[in-house]
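Two complexes, one shared chain (subunit A), two partners (subunit B, subunit C).
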Partner chain A sequence: MKQMTLSALEQIMHTCAGDDESTDSFQQAPERPFADLGYDSLALLETQSVIRREYGVDLSEQALSEAETPQQLVDLVNRWLSAA
Partner chain B sequence: MTTAVITGIGVLAPNGAGTENFWAATLRGESGIGPIRRFDARGYPARLGGEIDGFDPVEHLPRRLLPQTDRMTQLALAASAWALADAGVEPGTYDPGGTGVAMAGAFGGFEYGQRELENLWCSGPERVSVYMSFAWFYAVNTGQLSIRHALRGPAGVVVGDQAGGLDAVAQARRNIRKGARLMLSGGVDSSFCPYGWVARISDGALSTDEDPRTAYLPFDLRARGQVPGEGGAVLVVEEAAAARRRGTQIYGEIAGYAATFDAAVRHGGERGLGRAVEAALADAGVTAREIGVVFADGSGRLADDRAEAETIADVFGPQGVPVTVPKTMTGRMSSGGAPADLAGALLAMRDGLIPPTVNVQTPAPGARLDLVTGVPRPWQPGPALVLARGRGGFNSAMVLRPGAAVPGRTGEAGVTGRAAPTRSGGKPS
Partner chain C sequence: MAVGRLTGPLALLMPGQSAQYQGMGTGLYRDVPAFARVMDELFLLMGAAGDELRSDWLATSPRVPIDHADRSQPLLFAIDYALGRLLMDRGLRPTVLLGHSIGELAAATLAGIFDPAGAVRIVRHRVGQFATVPAGGMAAVAASRAQVQPYLRPGVEIGAVNAPRQTVIAGAVEPLRTTLDALRHAGYTWAPVLSTVPFHSELLRPVVVAAGPLLASLPARPPQIPLVSGYTAGYLTDAEARDPGYWARHPVDPVLFWPALTTLAGAGPQLLVECGPGNGLTRIARRLPQVRSGHSEVLALLGPPTHPYREAEQLAAAAARLGISPP
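Let's turn to the complex of A and B:
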């Protein structure tokens, strides 16, 4: 079964919102809030759209807003994939 | 009355990136007009433009801003950083609430918009970037400059085609008079993409001449229309006493301004440029005789040129004042054209040289203008008049006074008779 990794999510978010070398990688800081990593709500909306396209996972905005860190978002996507 | 002065300049133009590069090229009479290369223009009737070569946004912007900015915003962000550095303004040395942004816009982020519209129709709505929500918008340069430089006071955008570039700087002066400490102002446009190009072609104003030396010839008998340019200028506008306290250079004062509209054709179509000039001179308290140079709008369309030449001759007398159109080296940069002319006028004051108009050789009969052509002309710096007109009947005129003539500059700090507004947290550097 296809699962999402932290580095895959990071790659998606770099493409969506730009690569900022000054912040930690998701591997280094899986539980840092997106806001601290320099991602705003628009970056997350763009990410949601790519996840839907590439993983077939249709996250609601509610679910998205509850995933505050890279690890939480990866876990959310993988739970969805496991349940599917 | 509060005096608003210009203390920083950032120019990004087809004939020069950076204020001093632009100015040196302009004095040399070097043009940035050539065949369009940014997109395939071969299928269009007009194929010349003033393009900025070699601008790599990665060198000027944080990477996080790249996916969310159109080229015109990337150019504006670079020019704004240069302007603030030129003014010696360091981030964190001023109160963010007392500083703001008043930019002009004419097109918006058309190149970005075109790409996302293509995504919409070719790939579906889910492929449209969320940043499309603001990246195309007229006000986006104001917003991005405000965020980038933490200028969190008054913010606004003026849309008035070419004339908007002066209207925005007048808005900055208004903000200073209401108590703002510092404003970024000016205009930067691009939209060098098919979407932006057909929008211009529909106007019928573009020159279809294929020779960069003859395509855009304001006030010339051979004038055949306009050539667009991309870029513009960002200026730092400050309250004079505060600028003086922090000991920074003062290029000049925004001494007078006025804007008018042409009458609708059904009401006789009377042109309003003359009224704008008279009102701007009155606002500055300057007589026509005191004006040392006019930076003309220089439409490049015969009827517009004739009207502007008549206005200038009416106000200043035949051959009564040196007139120049440095736009002949950049093309018309939409909202960026007039701010670049303001920069040119201030640098002309600094260096005692009026930049030339290039390529114009055969002034139209009856133009009665003392056009500065070919090479720069030395002058004794004095007040300058900058004119700009926009599609739809916009006319704007602005009078600048040299920094050396700003009251209080040479040991006369009490002349203005008032203290600058003090703001909590404002720390003059």
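Let's turn to the complex of A and C:
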């Protein structure tokens, strides 16, 4: 079964934010809030749409707003994938 | 998060439209006399309109909502400037200033280009002209400027380049709607920007024209603190500082915030402090390679929008990190 990893999420979010270099900060600090990582609500909305496209997971805005860290978002997507 | 003292050259980032929220700065006004003094000085300079602005600002149910440009623009200017003055009065010397949209006018005032009385006249004049601007709106698109450009319908323009993949567009209601529909169909994500005026679009041209004589009559001096222009993305030259046209064009010219921030960050390791309501600009600054690598750091004086009674506490925490006594 396809699962999402922290580095896969980081890759998606780097693309969404338009970063020209990548780091592995999600793995180093999986519970650091998105706000501290510099991702705003628009970047999260964009991430939501990429996750829908690439993973077939349609997260509600409510669910999205409750996932405040990379680990929480990865867990949320993976719970969805496991249940599917 | 680290709580140690931050050191190094100090850059102030001064926010503009979209940073506003109901109650912003009102807790500081009640709890921090030095802040209230500067705010009152500015309200006084605004005359009768200043009294009305202040009572609406402090009201729990204002007559004119905070997202209305008549409220957001003068209040953002005033709060940005008052916070900057507070830091400078406590001995902090910013090494560089960068303002977003109306925030650049606050930065220009801190830098001594305009005196507070002159800056207030510019703000008041501009706000007075907004009633002549046709209805419009703004939206932030999760895409680069180059990606957005082909979708713009006539009457819709690039309003701001905030980040590599965050471009704000502005224009009249109908063409803005069709542009956003086209962007959505093409797979782009967007969100509305809270503004009643389509800032940085051609719809504001009459405001630019009307401001000409006032700006030509106001004395403008070279900046005492270097200022990175949000409109050229370079350091503001003395000639630009003295050019009335440069300031008059702000309402129609696009804000090149990300390019300007890149210029600022390129000067070497520094502390980027958001000097105004919220943490929108430091959030963008966290995307800078220099910040992600830890060479530069960010700090928002007020942090994310909060209840007014917590503002003084947040400012005191920020002051401690800056190594100054709490205001």
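Just so we're on the same page, the second predicted complex is superposed on the first by the 79 of 84 C-alpha atoms of A that agree within 3 Å, B and C clash if a C-alpha of one lies under 4 Å from a C-alpha of the other, contacts with A are read in each partner's own complex, and residues count from 1 in each chain.
One rule holds for everything that comes next: a residue touches a chain if its C-beta (ideal position, glycine included) is under 8 Å from a C-beta of that chain, and two chains touch if they have at least 3 such contacts.
For clarity, every value in this text was computed on a predicted model and none was experimentally measured.
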Combined model on subunit A: subunit C and subunit B, fit or clash: clash
Touched partner set for A:Ala35, first subunit B, second subunit C, both or neither: second
Which of subunit B and subunit C A:Ser25 touches, first, second, both or neither: second
Touch count on subunit A, higher of subunit B and subunit C: C
Partner chain in contact with A:Glu46 - subunit B first, subunit C second, else both or neither: both
Which of subunit B and subunit C A:Leu6 touches, first, second, both or neither: neither
Partner chain in contact with A:Ala17 - subunit B first, subunit C second, else both or neither: both
Segment of subunit B that clashes with subunit C, given the candidates 27-35, 171-179 or 207-215: 171-179
On subunit A, the residue positions that both subunit B and subunit C contact, one per complex: 16-21, 38, 42, 45-46, 49
Parts of subunit A lying in touch with subunit C, wherever the complex brings them together: 16-21, 23, 25, 35-43, 45-46, 48-49
Touch list for subunit A against partner subunit B, complex: 15-21, 38, 42, 45-46, 49, 52-53
Residues of subunit B defined as touching subunit A within the complex: 62-68, 126-127, 129-131, 133
Subunit C residues within the subunit A interface of the complex: 1, 140, 142, 144, 163-166, 187, 189-191, 279-280, 283-287, 289, 291-292, 304
